[in-house]
Amino acid sequence: MTTATLPDTHADEGGPGWIRRNRMTLAPLLFLLPGAIFFIAYVILPILQSFQISFFRWDGLGEPEFVGLANYQELSTDRAFEVSLWNNLKWLVLYLLAIPGGLFIALFLNQTVAGIRIYKSLFFFPFVISQVVVGLVFTWFYDPTFGLLNTLLEGIGISPINVLGDPTLATYGVIIAGLWPQIAYCMILYLTGLNAVDPEQIEAARLDGAKGLRMLWHVILPQLRPATFIAFVVTIIGALRSFDLISIMTNGGPFGSTRVLSFYMFEKALSEYGFRMGYGAAIAVVLFLIMLVFIAYFLWSMWRQERGH
Amino acid sequence: MFPRPIETQPRATQITYQSLIPVALLLWLAPLIAVAIFSIKPDTDFTSGNYWGWPAEFEGFANYGKVFFESDMPRYLMNSVLITVPTVIGAVALSAMTGFALGVYKFRGNLWIFFMFVAGNFVPFQILMVPVRDLTLDLGLYNTKTGLVLFHIAFQTGFCTLFMRNFIRALPFELIEAARVEGVAEWRIFWFIVLPLMKPAIAALSVLVFTFIWNDYFWAVVLTQGAESQPVTAGITSFNAQYRAAYHLMSAGSIVAALPPVAMFFLMQRHFIAGLTLGAVK
Amino acid sequence: MSGVTLEKAVKKYGEVQVIHGLDLEIAEGEFCVFVGPSGCGKSTLLRMIAGLEETSGGKIHIGARDVTRVDPSDRGVAMVFQTYALYPHMTVEENMGFGLRMTGHPKAEIREKVSEAARILKLEDYLKRKPKALSGGQRQRVAIGRAIVRGPEVFLFDEPLSNLDAELRVDMRVEIARLHKEIGATMIYVTHDQVEAMTLADKIVVLRAGHIEQVGSPMHLYNDPDNRFVAGFIGSPSMNFLEGTVSGGKVHCPLLGETAIDAHVALPSEGSRVLVGLRPQVLSVEEGPSPLKLDIRERLGGVAYDYLVDGKDARIVVETRADEEIPEGTEVRLVFDPADAMFFDGETEARLR
Amino acid sequence: QDSELSGTLTIFSDMSNPAPRAVMEDMAARFGEMHPDLEIELTIIDREAYKTQIRNFLTANPPDVANWYAANRMAPYVDAGLFEDVSDLWAEPEIADNLASTKGALTLDGKQWGVPYTYYQWGVYYREDIYEELGLEEPQDWETFKSNCQTMLDSGVKCFTVGTKFLWTAAGWFDYLNMRTNGYDFHMQLTQGEVEWTDERVRQTFANWRELIDMGAFIDNHQSYSWQEALPFMVNGEAAAYLMGNFAVAPMREAGLSDDQLDFYQFPAINPDVELAEDAPTDTFHIPSGAENKEAAREFLRFVVSAENQTQINSGDGLGQLPVNSQSSVDDDEMLNQGFEMLSSNAPGGIAQFFDRDAPAEMASVAMEGFQEFMVFPDNLEDILGRLEQARQRIY
Amino acid sequence: MSGVTLEKAVKKYGEVQVIHGLDLEIAEGEFCVFVGPSGCGKSTLLRMIAGLEETSGGKIHIGARDVTRVDPSDRGVAMVFQTYALYPHMTVEENMGFGLRMTGHPKAEIREKVSEAARILKLEDYLKRKPKALSGGQRQRVAIGRAIVRGPEVFLFDEPLSNLDAELRVDMRVEIARLHKEIGATMIYVTHDQVEAMTLADKIVVLRAGHIEQVGSPMHLYNDPDNRFVAGFIGSPSMNFLEGTVSGGKVHCPLLGETAIDAHVALPSEGSRVLVGLRPQVLSVEEGPSPLKLDIRERLGGVAYDYLVDGKDARIVVETRADEEIPEGTEVRLVFDPADAMFFDGETEARLR
């Protein structure tokens, strides 16, 4: 491209001629290169490396020692891992409540009255705030001595509960905190989805005599499928990545009952007492494999879309 | 429109609805409002057990003053800015190029490379934790803002590429063909035609990436330590350790930490929502 | 089945009135077409009859019932939308049966009615398909089928063919005409394609800016328009209008040169401005000195259109059949039988009779 | 005589809180004055962050001197060959004689890997005023300890505040209960993995602990609080005592407790047959094996342990803790005096570091989690011990 | 300026061949229109000439140059897209000058060329506007202006008018015709609107499924089609085709009743199937016993179309002018001059001459 300005005596062989002839091949390559290098170096290779590390025993300091599948064997008997896995499952299932929750609020707000835009954005607020802050806020909310929750419970005569201190409740407490921003997220997705619903179809359905819930179920929801799909994907990803809230609210406790895989691996590999890189990597691999199901599903549906064009 | 427009309903329903919204909003934002009130309470309210009541007196200036002048908070905020802004620029620049390459050219493996970016973006990023930390150490960038920025750029490139590529796909391809017939070089097509048309996408992505990065906690913990390089999300925890049970200060700190993305959101609301729905992934 | 009656029907959006107290009677079994330029209120009026827009004033009757405040689903009307508004996630069969399902009809009955409609519309082979897998014309037929199945008293169509390409549009037009003959229900049809209006309607309602300009049968409107607007709107290519002035009981048009037209109508006072309306079909041209020049001749095989210009902004279209060989650029004179000319008042644009 | 030292000496320190930070900076400045040709680069890192960061800088860019902790806490770095063997220093009489008490804590594989600069006592800090009000005395034995507690509970005050969210505080209780029940040597065997966790003697420790738990001696919901968040209970008088390290004194004073309200006593004997032993975590300086200026580093270590320096840095204006050098003098502070007295004359059993320094990291984390669970659900004991035993077999 | 020549041009997408070795010569200054049903390869062929699609086989010459492997930018062509493809972020002026700017022409020269083009297209008043602020027709003119500015040897148009509404389409059609007269460059124009093809072309190329069916002037194709496809494609409404058989040197059509048609062409052997082609314009009807029935009469004012059906699937369109009053449903006979009939082989569908 710059060479074109110079007189060139070898225009026919190599040089700019070659560039010129192959520019439709070169151009995408050059455009792709910087991003791809970054991405491969920081994302793709590390994934493979994680797989590799998971076959080693390594404290991150000395020489790694190859142990084959030992880490995975240990995982299969590790109670903490089992707890984390179950908690991840709870997250997956309960986090999905954000979808109906978001839909409900979206339907509630899908009106055109004065100031509704402001309301919509205020409802969306929790999503913009860092999970760290959300975690802190909910920790205070649950605080066994002065938290608002117990103040309210006392108000109606129920004995106070220590949500985050009770191993049977703590995970749910954290999930509820997580649902708050996630519902806001799903709400926005549905609000934009509702905007795109074909008004003529609604009118046709009204002429057909569909009302209320039946209208919602038979006509609206099917049209909101793209929004639902996206909400589903982001919620699943959010559920599997959950780390910040746990770290802030319970630090995995009490006695490990709120750990999820992502937190557990951090604990095992990098925390104050964690020196087991191999083991941490093995946990990550398991998490990755779970996620792979969803990634595959997403890519598959994207692939179908691409074909459809 | 569904549900049925409220204007067509009886007056009573309309009034009920109009008054219900603010109530619902108050409930919905109760935790935040509580924090906001905490942050202007005097210390004594907490020792005297007045947690949820009205502040005994307005101590907002004192509290926020403390946060800004007697703690590391400004430093953390500065770090956040220095991490977030370059990341936004870097990720958007890189992904505009990859998105262009993937959206405009037909070549073998195009879709696979694209899927690589997409899949990488959905990976539970914890799996990257150990290797990325090692890589950063090897590069001598551990506990530096640069290290964090480089990683964030790389990781966000996946998401942004998905977004940009789909956006470019939706542009009329004839524009590019028209330019080609006119004899415009490929990079000039990118620069003079595609880039200006991508402004909305760039704006939306910038806002989105800004909030993602600003709110990142995990990588801040993994790749940095200490006030000289940690962003505000991580800083807020050590801030909280510093002020232990001083809830008024912790609240003020949290509000300060939450403010920039919130401000961003309000300023760029339209782009933000466009971004979420267009890209629709984190 | 029953006709539709509007009494002083009014529609306001906030302060803006878009339908100005219309009175209209549509007889039982009649095919009534609303035409008019974009934004004149055709759709609004149709949707008021359907109940999809509230009526701000006046009354709407379907048959003997006053339906002004009745829910759309209870009016006994069915509507076919411009975009078809098929439910994309349901098969053709489900789409057509949805209305009955919602009103709790037994399955067997629904199936029967759907297959009857599918027979009429030749959709039997597509019942299991989703709308996506259908062509435009097929989709349109499904939309009509959905209306038929519900057995309404009145069918409403809002520009149902405007999304189809030219050829299909002709086919579907004929099909709708046949359907009307077969079912015999009252139909109200909105379009701005005047060929559709001319060919389908028993009665055309010409609307302008929320007012009715004229109501009548297509040939009536073509042959005897009440004003310039209707005359220009009905007929294709449009009627040519020539500026003229009354002088000595005759009409002088600069574009026609010296010859004055002998008008057998009540002309306004001497010197008034009048418009002379001449359809392209009644005109022919011959070479000769004239302010007009043959600009371009478009040959379409059977007919040709000659575009005449005066060098300023007047343009006159002449439909010719014989393949005369007047070269483009030649000065030409218009030839016509004065009996074919229509006259309109220059100010009110009302027809002079 | 030392003026031949030259080049740069880089020091990484975790003394990041305001007072320790000043001490460290002062120490570096004084050392610099003594060696004018030596340039000193001091980097102070957040104390919590330092714990994970040390791994990175020891391998990536080792300084010449680094802070750390004694005993097993330094084992991973010693095993990985990241710390320099400083047995030669310990062979010098100055050090050998004056620091003998902590030699064990710095010995691994028969060699010494660093030098101590401070330590502090653990014990029971209590609200003198509440005790007086209820007519209670500092307990000398387990029975009084419990009966005192009962009295307090009856008057609506919890005996102990504790915040176990971050686990290690529970380990303090275990350390004391175990050392008082089974003695120092047994405790060391246990932390070294030589005794089974299902051993009857261990069970006895937990049985004693359980007596307190069943009484309701600890504040409720302690699993939700960090150690700082548990302080207000004591400050507000809802709980009367805190088993803690001496570093808790400063924040309690800050929060408004006067010296009249605050006092200290040694954890009383449980089994009269075992000798009293104490936790006294020792903080240390090490030379990374990758250090460049080891000669200067050794000189700095000599400087740190010198009696004069230790007196100065541990004074009330400094760290407010105990010097390690037996020739140093202790600052005149109520708590420090009592602590020094206790450690030097009333700890015949021995001095332990702390659970998470004596036991390997992984064992420590599993065990401390078990302790927390036990404090909330004492009935889970069997299960917990089984788990710890399993971990022990895997880890050692 | 120069013509375009295709030699055995082939286009394959993977295994699928969509252009099957076409030979075509377009003379310098000629206006050539490609027509054909959707998907027949019109756009593909045009884009091959532009260089936007690689040519899989054969050669393409522009003037004397072989441009088969030449980059689009070096072929000396300009293209006008169906969607206009204006750069939305540039003003009209910048849009038109962009190509020259990118290829390093001096500013003054660009300005001069742009204003010249703007003058030709009457765009002077809009030079500072963005495309968004223009009407459809103005946008189309800008797109054409962008092509003019570069002064190409060949103009390529891909359905440039299909996004405009009916009225504007007529105007722009006339304008393109005028432009061609004025510039005189070679133009290749793709459309599937046959009115455009008929009125604009010097030469029409009828494509079907990647093959050329016939090439010729509009009137040539209308009057003398080579085969049934071309006959049916050119002319509006389409030609009617009646099934017939050869018997005794004459053609018998069941739909015409007993009368046999005396064909003055070389008929195939006795008993062969032939198709009789009759344009709606040459037919008229009269009442009388016949297999045909008047189904629907569409009156458009000037003309009317009678749709005749035989009760099965045959449908015949007759264009009538006079307002005869045969009621719908009556049995009618077709009347025509046998000299107006065309005959096509029943198997090959080739014209019998």
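Residue numbering begins at 1 within each chain, and the chains themselves are lettered A, B, C, D and E in the order written.
Note that in this section a residue touches a chain if its C-beta (ideal position, glycine included) is under 8 Å from a C-beta of that chain, and two chains touch if they have at least 3 such contacts.
For each chain, UniProt lists the protein as follows: A, B = Multiple sugar transport system permease protein; C, E = Lactose/L-arabinose transport system ATP-binding protein.
Computed from a predicted model, the values in this text were never measured in an experiment.
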* Any chain that touches chain D and chain C -> A
* Structure fact -> Note, CA centroid farthest from chain E's centroid sits on chain D
* Structure fact -> Here chain C maps onto chain E under a C-alpha rotation whose angle in degrees, rounded to the nearest 5, is 175
* Report, in whole Å, the distance between the mean C-alpha point of chain A and the mean C-alpha point of chain B. => 14
* **Whole-Å separation of chain centres (CA-atom averages), chain B against chain C** => 54
* Structure fact -> Chain centres from averaged Cα atoms put chain C and chain E apart, in whole Å, by 28
* Residue numbers in chain B touching 2 or more other chains? -> 185
* **Per-residue overlap in chain D, given as positions that touch at least 2 other chains** => 52, 59
* Asked: Mind giving me all the chain pairs that touch?
  -> A-B, A-C, A-D, B-D, B-E, C-E
* Asked: In the complex formed with chain D, which residues of chain A make contact?
  -> 59-62, 74, 79, 143-145, 162, 164-165, 167, 250-251, 253-256, 267, 270-276
* Touch list for chain B against partner chain A, complex -> 1-3, 5-7, 14, 17-18, 21-22, 24-25, 28-32, 34-35, 38, 49, 51-52, 94-95, 97-98, 100-102, 104-105, 107, 111, 113, 115-120, 122-135, 150-151, 153-155, 157-158, 161, 185-187, 190, 211, 214-215, 217-218, 221-222, 233-234, 236-237, 240, 247, 250, 254, 257-258, 261-262, 264-266, 269, 273, 276-277, 280-282
* Can you check the complex and tell me which residues of chain D touch chain A? => 51-52, 55, 58-59, 76-77, 79-82, 165-167, 220-221, 223-224, 356, 361-362, 364-365, 369-370, 372-373, 376, 387, 394
* Structure fact -> Per the touch rule, the chain B residues reaching chain E in their complex are 172, 174-175, 177-185, 188, 192-193, 196-197
* For the complex, which residues does chain C have touching chain E? -> 166, 170, 173-174, 177-178, 195, 198-199, 218-219, 222, 234-236, 279-281, 295-296, 298-302, 307, 319
